[in-house]
Amino acid sequence: MKKYAFKNDYSEGCHPNILEALIKTNLDQQNGYGYDDHSEEARELIKKKLNDQNADIYFVSGGTQANLLVISSILRPHESVISAETGHIFTNEAGAIEATGHKVHGVITDDGKLKPEHIQSFLDAHTNKPHQLKQKLVYISNSTEIGTIYQKQELKELYEFCQSNDLYLFMDGARIGQALTSEVNDLTLEDVANFTDVFYLGGTKNGALLGEAIVITNDKLKEDFGFHIKQKGAMLAKGRLLGIQFLELMKHDLYFDLAKISNVQAMKIKSAFQMKGFQFLSETFTNQIFPILSNSQIEKLSENFDFYVWKKMDEENSAIRLITSWATSDEVVEDFIKEIKAL
Amino acid sequence: MKKYAFKNDYSEGCHPNILEALIKTNLDQQNGYGYDDHSEEARELIKKKLNDQNADIYFVSGGTQANLLVISSILRPHESVISAETGHIFTNEAGAIEATGHKVHGVITDDGKLKPEHIQSFLDAHTNKPHQLKQKLVYISNSTEIGTIYQKQELKELYEFCQSNDLYLFMDGARIGQALTSEVNDLTLEDVANFTDVFYLGGTKNGALLGEAIVITNDKLKEDFGFHIKQKGAMLAKGRLLGIQFLELMKHDLYFDLAKISNVQAMKIKSAFQMKGFQFLSETFTNQIFPILSNSQIEKLSENFDFYVWKKMDEENSAIRLITSWATSDEVVEDFIKEIKAL
Amino acid sequence: MKKYAFKNDYSEGCHPNILEALIKTNLDQQNGYGYDDHSEEARELIKKKLNDQNADIYFVSGGTQANLLVISSILRPHESVISAETGHIFTNEAGAIEATGHKVHGVITDDGKLKPEHIQSFLDAHTNKPHQLKQKLVYISNSTEIGTIYQKQELKELYEFCQSNDLYLFMDGARIGQALTSEVNDLTLEDVANFTDVFYLGGTKNGALLGEAIVITNDKLKEDFGFHIKQKGAMLAKGRLLGIQFLELMKHDLYFDLAKISNVQAMKIKSAFQMKGFQFLSETFTNQIFPILSNSQIEKLSENFDFYVWKKMDEENSAIRLITSWATSDEVVEDFIKEIKAL
Amino acid sequence: MKKYAFKNDYSEGCHPNILEALIKTNLDQQNGYGYDDHSEEARELIKKKLNDQNADIYFVSGGTQANLLVISSILRPHESVISAETGHIFTNEAGAIEATGHKVHGVITDDGKLKPEHIQSFLDAHTNKPHQLKQKLVYISNSTEIGTIYQKQELKELYEFCQSNDLYLFMDGARIGQALTSEVNDLTLEDVANFTDVFYLGGTKNGALLGEAIVITNDKLKEDFGFHIKQKGAMLAKGRLLGIQFLELMKHDLYFDLAKISNVQAMKIKSAFQMKGFQFLSETFTNQIFPILSNSQIEKLSENFDFYVWKKMDEENSAIRLITSWATSDEVVEDFIKEIKAL
């Protein structure tokens, strides 16, 4: 029997409602390429939740695809994007952005979040134009790759800084559900729409089989986006597959319910570690936690559960990464907490 | 009520077996990125059918994606690809190949098929190196974009010509199922593996929700293909979605059964037009037919059925395109034939 | 002793005035990257001749470089350029444009010149957006690669057509000097500036060691051009080398005098062939001519002169290409004409 | 009257021998595109000095162009290059490498030089393939952008490390003349050829009007390089201009004599600063020095001389950059030293 894995939030299939909807609609004929009724309905629903009837919404398959589509559609050849060094586009997408011709500048941060002062000092060091590139876009993730989230005031300030400096702000929302349902979050989806130029709602890591919903709110970035989707091989003939999923996820806010479950399960585990006095690599309130354990404790926990050893702290201790998902059951969490208590 | 559409072969969802398999496996935890058990099993099954244990097999989402991945992974910056002008990569993929830096040379053909003499005369006209590009790859589709197919001898000769001229041969198999089950076909899947360097089995147009299985048989083209999939945004976190589908399609040859159905339904309709004395734009034996009708006949047929008017022949007549799929029912075909007879 | 070559118009060094100016200014210290006094002065002189004080002017090394810089700076990833199939960018630049990510559509023409009807019928065949690319730029050459030139009315109509169709018009002026000084020309440099969005004045084929002067007249295309020059490796540290040359060429209209010489020498040779009753591949009035000779006549002329055999007409006859330059002397022309008369 | 500038080593024209050779050869007809006699002769001379008859040698216009040509010709789409953060390709070439599709990884160093331990720790942090890129090339500069040079043992160790790790080693030699003639250098040109896979000899910063000589010694990197030169717009029609210059520079080792002059002049100035007790930003023995001065001293020196203020050290002091060239006269140096002494 396989060990239960806390390795990532895309280990299971999808929420059952999605499978039901696929069955129910299966033999209906629909237009291809995102012009189906389901995609149309899902777009309307999302626009309503954003409170922005003018937003342009496109469904694509995954996060790297969404990132490269958005970034390459915005930038002219001599323009570049700024990211935290922990940002997914900086080292974890096999050069996807550079493959479209653009440099990703990496900025070192404490907590995976970009702040105006990071950008300002970067801009100050890159004034020798045209020998140095023109920075045009700021890329952030929420929640970040290390589980932290942006507060409303932080996002607002960053957005205003970008506006004052002729920069666009793009939020990678592969785990935006987890961010917006975190117990310490004060952002709404409408805030995100207001304080970014473009962002996406991740489905893959929150109950869909696949799919991210790209939301473009800045009019300047809307023109001809469909061509880019086709050109980069991201346009599904059966776009219905994406539309049906986002329709199910958005209906009755299932999307946020699922994200919340993943957060709650992680927080229960975090709490168990805290009660035993463990330290953490970073303080997180979403579905990723990074407790620091001794080698023997890691070995012990590995007997019945699977997870990544994330960072070696010293010869005796390492941080591990535990990720929960919408499908992580109470039972599994309880079993795991028992083992934590026994450490 | 919507009219029944013969507009394309991706208007419906997927074969019910696939939905069943998705349900059955839904909550199993699986590795991401194509390393799941289902993908592994599907790859083994395909290799067995190819009779080539050394083939490398990758599942991706769609045809344009498969085309750009294969072509950009093979070519160095100064190398180009030759295609028929009707080839999908030449005008119907929004410049996907050029976006990866490579020219697609278009060759005019009668029937959508490339022959050695086409390539030879092209090479003869491009000898001014390095001012003219180095041609390195030949792209063909089977069945072609206009419904025709390659005979075994034709494919063999083309492959041998390519080998003699230091060219790779790549077959776009978005509709390879329809080609290999056509009543006039004499190619086997094993032949295709033997007489190409790389090809793919299209799922999207033959019963899957999405997915194409890229098969690399030439060892020289195998190195590091996975990086390209990641870089181009084509690597699904839940690769299981593709693996499960190809496993279902390949089991008990469902793939070929479905393709055959689509061919048979088209041939019934073709036969009905022939019996009424209609001409065709091209002679096809797969799931696409192009009968030439008068404007009033087109108007009449459009009352209850939907299809594309493909090419204006003169002021009074046009060719229409009719495509059938694995999901086209006998009942629909019979209804349509009645209308043909009544023209 | 080497045979005299009519192979191209870049076989010699440069006009002696340029060498003198290089010597005279050699040890002056100047700013790099095109900010030197000479470049500044040359730009002013060109703007005066264009009668356009707002034009942006940049000096780069060669024609392929100018073409790829202009085109890649204008187009977004999903936009393409239309060229005659004889256009230099279509087959003679080793895929330079495609390497920047853009498709070059080739249009078959009689005389190397694009007309509104060519573009219109091309646009009509590419309406399936976003599956087909968005055409955004029309590329023409004057004189063309086969020696023909645009008349004022033709250029004006093409420009107006482009404006009505949201297309930019770009003129490759590698041999614009020869075009504007042809005996049948009715265009002025000011007309060219008025009836294009961007063009360049070729130096390499008209008396310079190297260098083309890119002239951008449409404000929309001016932003940030310098970055592209740097990024594509086209920014010379010693930009003075280009500035000095264009200053010399533009002073007292040396540029046009040199072009005229090359035309006149070609026309003398053309006339000699005509008087002997020879036919030509195309009717040209610039410095390229394409007389059709028998194999034995070609062999005879090759004894003392070097040139390219351009196109085989039949088993017995071929067209040859003869190119003259600013450095082609009267003496050489007379010697050659003697041999023509003796054929 | 303009102030004398120590701003860079490309402020003047070229060594007079080059101008003489241009005059002498001006009206000879030569083949285009680097197939002229002068280029051929220059290549032979360089190969002799390298003691490598199999090296492939190409002349191009400038350093950024050489860098992008070499790097993009070597790397497949998923491969990347490692550079020091001070490396010219990392921030000073307007994203030239990324524009060809490849990521440049930046490594922080003390002295601008890469050592095996830098690369090793970088590789250790990038093992999550294919999500992280495949590093394939190491880029170094000699002398570096901050004036330091590689010792023979350092280069040898780096090369051997690269070989053991399936990495190519590329040396940017924009100032290789200065490196090899530095008073502390122990490398020969032959060593450079032996301990790199490809490098170039910079002409622009050492007495030429323009031009860098790319030397490819590793057979695997030689195939089809000419296509890349054409495709990237780097192939001069009048390649003679580059051939003539390198022939003059290489004859009687003028190249090394000129580089030595620039070093000697810088060392005289350095010595004058040292005798007055000034500190330096980095210890250099080539033609760049970085003395640290007080604001008032900088102001004083600026009255008669021009130079860049390179780095602010604190409120009161900054490092300035002084660059000498082959054309920096003894007289100018003496005048400047007088001013230093008077500080």
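To keep things simple, chains are lettered A, B, C and D as they appear, and every chain counts its residues starting from 1.
Operating definition for what follows: a contact is a pair of C-beta atoms (placed from the backbone, for glycine too) under 8 Å apart; a residue touches a chain by one contact, two chains touch by 3 or more.
In UniProt terms, the chains line up like this: A, B, C, D = Aminotransferase class V-fold PLP-dependent enzyme.
Remember, predicted model here, so these are calculated numbers, not experimental data.
> If I rank A-C and C-D by number of C-beta contact pairs, which comes first?
Result of the comparison of A-C and C-D: C-D.
> Same interface as B-C shows up in which of A-D, A-B or B-D, over half of contact pairs matched?
A-D
> Can you compute the centre-to-centre distance for chain A and chain D, using the mean CA position of each chain? Integer Å is fine.
Computed from C-alpha means, the inter-chain centre distance equals 43 Å.
> What whole-number Å value describes the gap between the mean CA coordinates of chain A and chain C?
51
> Would you kindly tell me how far, in whole Å, the mean C-alpha position of chain D lies from that of chain C?
34
> By residue number and range, which residues of chain B touch two or more other chains?
Expected reply: 77-78, 93-95, 99-101, 130-131, 133, 227, 230-231, 235.
> Looking at the complex, which residues from chain D come into contact with chain A?
Interface residues on the chain D side: 77-78, 80, 91-95, 98-104, 106, 126, 128, 130-133.
> Quick one: which bits of chain A touch chain B in the complex? Just the residue numbers, please.
2, 4-5, 8, 10-14, 16, 19, 22-23, 25-32, 61-69, 93-96, 99, 204-205, 209-210, 227, 230-238, 240-241, 327
> State the interface residues of chain B toward chain D in the complex, per the touch definition above.
Interface residues on the chain B side: 72-73, 76-78, 100-101, 129-131, 133-134, 224, 226-231, 235.
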